[in-house]
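Note that the chains take the letters A, B and C in the order they are written out, and that residue 1 is the start of every chain.
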Amino acid sequence: MKTMISTLALCAGLLPAVALAQGKELNALVWCDHTDDALIKPFEAKFDVKVNLKEYEGTGAALSLIEQSQPGDWDVLVIDGIDVPRAVAAGILGPLPVDQLPYDSLFPELVMAENQVIDGKTYAISEKFGYNTVSFNKSKVTAAEMADMTRLWSGDFTGRLAVYDYYLPVMGMVAVGLGLKTAELTVGDMPAIEAALMALKDSAASVGEVVASQTAIATGEVDILVGGGEWVTAGLVSENPDLDWIIPEQGAVRWSQSIGVFADSKEPDLAVEFVKHVLSPEGQAALATSACYWAMPANKAAGDVMTPEQKAALRWDDQAAYLGKAQLYPAPDAELDAAMQDVWTRFLAR
Amino acid sequence: MSRSIEQIERRRALVLLAPATLWTVLFFALPFGVMAVISLGDGAAVGRSPAGYAGNYLRFLNSPEFVQAFVNSLEITLTVTVLSVLLAYPLAWIVAEEIPARYRRLALALAVLPFWTSYVVRSYAWSLVLAKQGVLNDGLEAVGLPALALGNSRAAVVIGFTHFFTMLLTLTIYSSLVQLPPNLRRAAADLGAGPVAVFRHVVWPMTLPGVAVGAFLTFALCIGDYVTPQILGGGNDLALPQLVMLQLGRAADLPMASALSIILMAAVTLAYLLTARFMRAVR
Amino acid sequence: MMGGPVKRFAACAIYMVLIYGFIFLPVIVLVLFSFQDGRFPVPPLKGLTLKWHAEVLADEDLRAALLNSLIVALASSLVALFFGFLAARALAHSTMRGAALLRGALIAPMSVSYLVIGLGLLVSFNIAGVGLSLVTVAVGHVVINLPLCFAICFAALGAGEIQAERAARDLGASETRVMWLVTAPMIVPALLAAFLLSVTFSWDEFLIAFLLSRFDVTLPVEIWSLLRSGLNPKTNAVGSLVFLVSAMAFLIAELSMRRRT
């Protein structure tokens, strides 16, 4: 009896003791590419702080997590650039000190002032970008076959393709393939998009998130990945050189991640320091080549720190052409977003 | 004034019961009630369900994708339960009857050893085995058989589940078998019954309650599982728990997630009632 | 022509081989490809390397998650066993009104999906403003283990224990001493079984731990994160190590018990 009580007390006492033992902490809500030691450890060492990371799979999941949290739980937020206005409207993000951040050395298309500057205040800065387009195994499928996006849901490749499980870019791609503009989508466009999506699902062998998608194409489970891009292939091409990607003639969708600071953060200065670290050339190089997925850094200065092989894998020099052919993610209002999510649920359940 | 012995005993019993009862009420019954109340509420800001208390449930009934997911869950769970019982019973029987007593426990331990890999990792391992260029297909091709497209499908989910529940049921059926009084079987044999008849008329009916309990446990655990369908299903034939997590994670639609969970509970409760009635009938 | 017993032996042997093969197939593949010299854990096996195992052993997050899993499993199992034993003691052979009802109520959570239990607790903690942590995970694990411990202790408390208790009480022992010095030692096998089973369930439990934790996570949740942060055989290595360690512990316990019997 006595031993049982003392053991219980020990266990109960251990937990708060463990919590007290940790010094300063920074809590960040991020995409999976921010968990690399190469990115986090230099910051932790420099500021003697522990960075806690929680990964999410899409803006909806992140917002859901924030909703289920208490104020002050989070300090840093990584969020798709297109969703920054939503986060600001919900009072989640706080303003950033423009003078401390390298806005002038960003790729011009990535400044995205219309999303990130609201009422004269800047709430986020782009940190990484890439494309949701079509990845393929060039030993099984040729680039010419991939040039027409509508062939993906025409039944030509049944059972040979996988779809990336994120509704905004894939529905955006389908819209682009149908000749629509992602910035001008309305609820009325949904039936046509849904029809194409259902045909796509019927052709698909599987639907999965980031790693499942990479696994599917890298291990030969499928030959084509819809919604893939350099973020799928660049990091894996050293192991499987047959992986390639292309932007079809109809175009594709560009994604960009931004990083910002929580309005109710308990460590606002430290959070800003973290943002500065991620935007520094070294931080950008680490982020660009992270284990989860590779992609272009938003800060051009990173090019001075990266190796020629890394830049070749990311097609650094072709970016101008790609940026011209890609449209931004759809940025739906609440009603359109609900409609899109419903369509996506039906897509997944088909 | 002296209290009667019964009163003292009752007070003592209540004190002993207090911690367990309080815990169950506070951390099980109350949250369940809260969830039930929330399931009657309106969905995310854009009220995707019809208005009114039964809104989310009506939406469930009217949405083919939700109903289909429920049906998928039921089909998968029933298939897994039947398959697992069919595979586990002979194994349990062989270990209990055919294996010499010395090696019995070792044989049983070996049969459930993979239990001790992490559940998440075990499902992941099955995805490696069943992949298009995975171990299974490599083996089939090596002997000249055609490759099977089992990965990312309902078949993979059923295989993954059956693997786990066969091990679980082996344990429960084995313990049921070894608790059989040996005299009954001897008596039946003495009366002239052959081994098949002994099994049909003595062993099977007496182990049926154990099998029924194991089957119910399989049903309850299988229908509520999220991990295996998520890892092995490849986004095909979604099961109800996956839709619950979707509502929770992406749509931030807590009321709908709660309503779907309650529907899941209703299915398990129905299974429980059927099992209880079956057990009463069998006894 | 083969005789009956030989045919039966052959049939049993074939079945055993097939079924053990089925049971061990994923584990063998898992362990084999944890040594894969390459990033993709699929055939062909390119070469053998210990690199992934080394990475797992050096991974701080995994080590922390392992420790967390142990703490949560031990703490929640102890609480569940303690409360379950007390309740079983109260209800065993009780003539109280509503005893059967109470028994049913205490066992009920066993048949409820972990998803439902976890979601209910998540929602309630949210409303109550309680932050998520290992403590909330442990709370959830007590909920799932309490009915189990109660049921096992209840089944183990038979007439023999009641008689012994009565004898001890007649000899003048206080109630507490009766419980701890007479009842508990008599059902030590059941207590041990309940404890070990609870630890096993808590150790491997994913869904409740996933829903109710934030940064300090348990091993299954950390493995799930691993699966989501990059394609490599490190996941295989984790699974192999967990399996090898627990299998060894189990076999050692098994062999030591055999020596005693």
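Everything below uses one rule, namely that a residue touches a chain if its C-beta (ideal position, glycine included) is under 8 Å from a C-beta of that chain, and two chains touch if they have at least 3 such contacts.
As the structure is a prediction and not an experimental result, all values here were calculated from the model.
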item	value
Graph class of chain-chain contacts, one of line, ring, star, complete, other	complete
Chain-chain pair with the highest tally of contacting C-beta pairs	B-C
Separation of subunit A from subunit B, taking each centre as the mean of its C-alpha atoms, in whole Å	36
Chain centre separation (subunit B, subunit C; CA means) in Å	16
Residues within subunit B bordering two or more other chains	131, 133, 248
Residues of subunit A touching at least two other chains	57, 219-220
Per-residue multi-chain contacts in subunit C, two or more chains	42, 82, 227
Parts of subunit A lying in touch with subunit C, wherever the complex brings them together	1, 4, 7-8, 11-12, 14-15, 18, 27, 32, 35, 52-55, 57, 68, 70, 73, 209-211, 214-215, 218-220, 236, 239-240, 291-292
Residue ranges of subunit C in contact with subunit A within the complex	38-40, 42, 71, 74-75, 78-79, 82, 122, 126, 129, 131, 133-135, 176, 180, 214-216, 225, 227-232
Subunit B contact footprint on subunit C (complex, rising order)	8-9, 12, 15-16, 19-20, 22-27, 29-30, 33, 41-44, 82-84, 86-87, 89-91, 94, 96, 102, 105-106, 108-109, 111-117, 119-121, 123-124, 127, 139-140, 142-143, 146, 150, 175, 200, 204, 206-207, 219-220, 223-224, 227, 235-236, 238-239, 242-243, 246-247, 250-251, 254, 258
Partner subunit C, residues of subunit B touching it in the complex	10, 12-14, 16-17, 19-21, 23-24, 27-28, 30-32, 34-35, 38, 87, 90-91, 94, 98, 105-106, 109-111, 113-122, 124-126, 128-129, 131, 133-135, 138, 163, 166-167, 216-217, 220-221, 223-227, 231, 241, 244, 248, 254, 257-258, 261-262, 264-265, 268, 272
Residue numbers on subunit A that touch subunit B, as the complex places them	57-58, 60-61, 63-64, 67, 159, 163, 165, 204-208, 212, 216, 219-221, 334-335, 337-338, 341-342, 345-346, 348-350
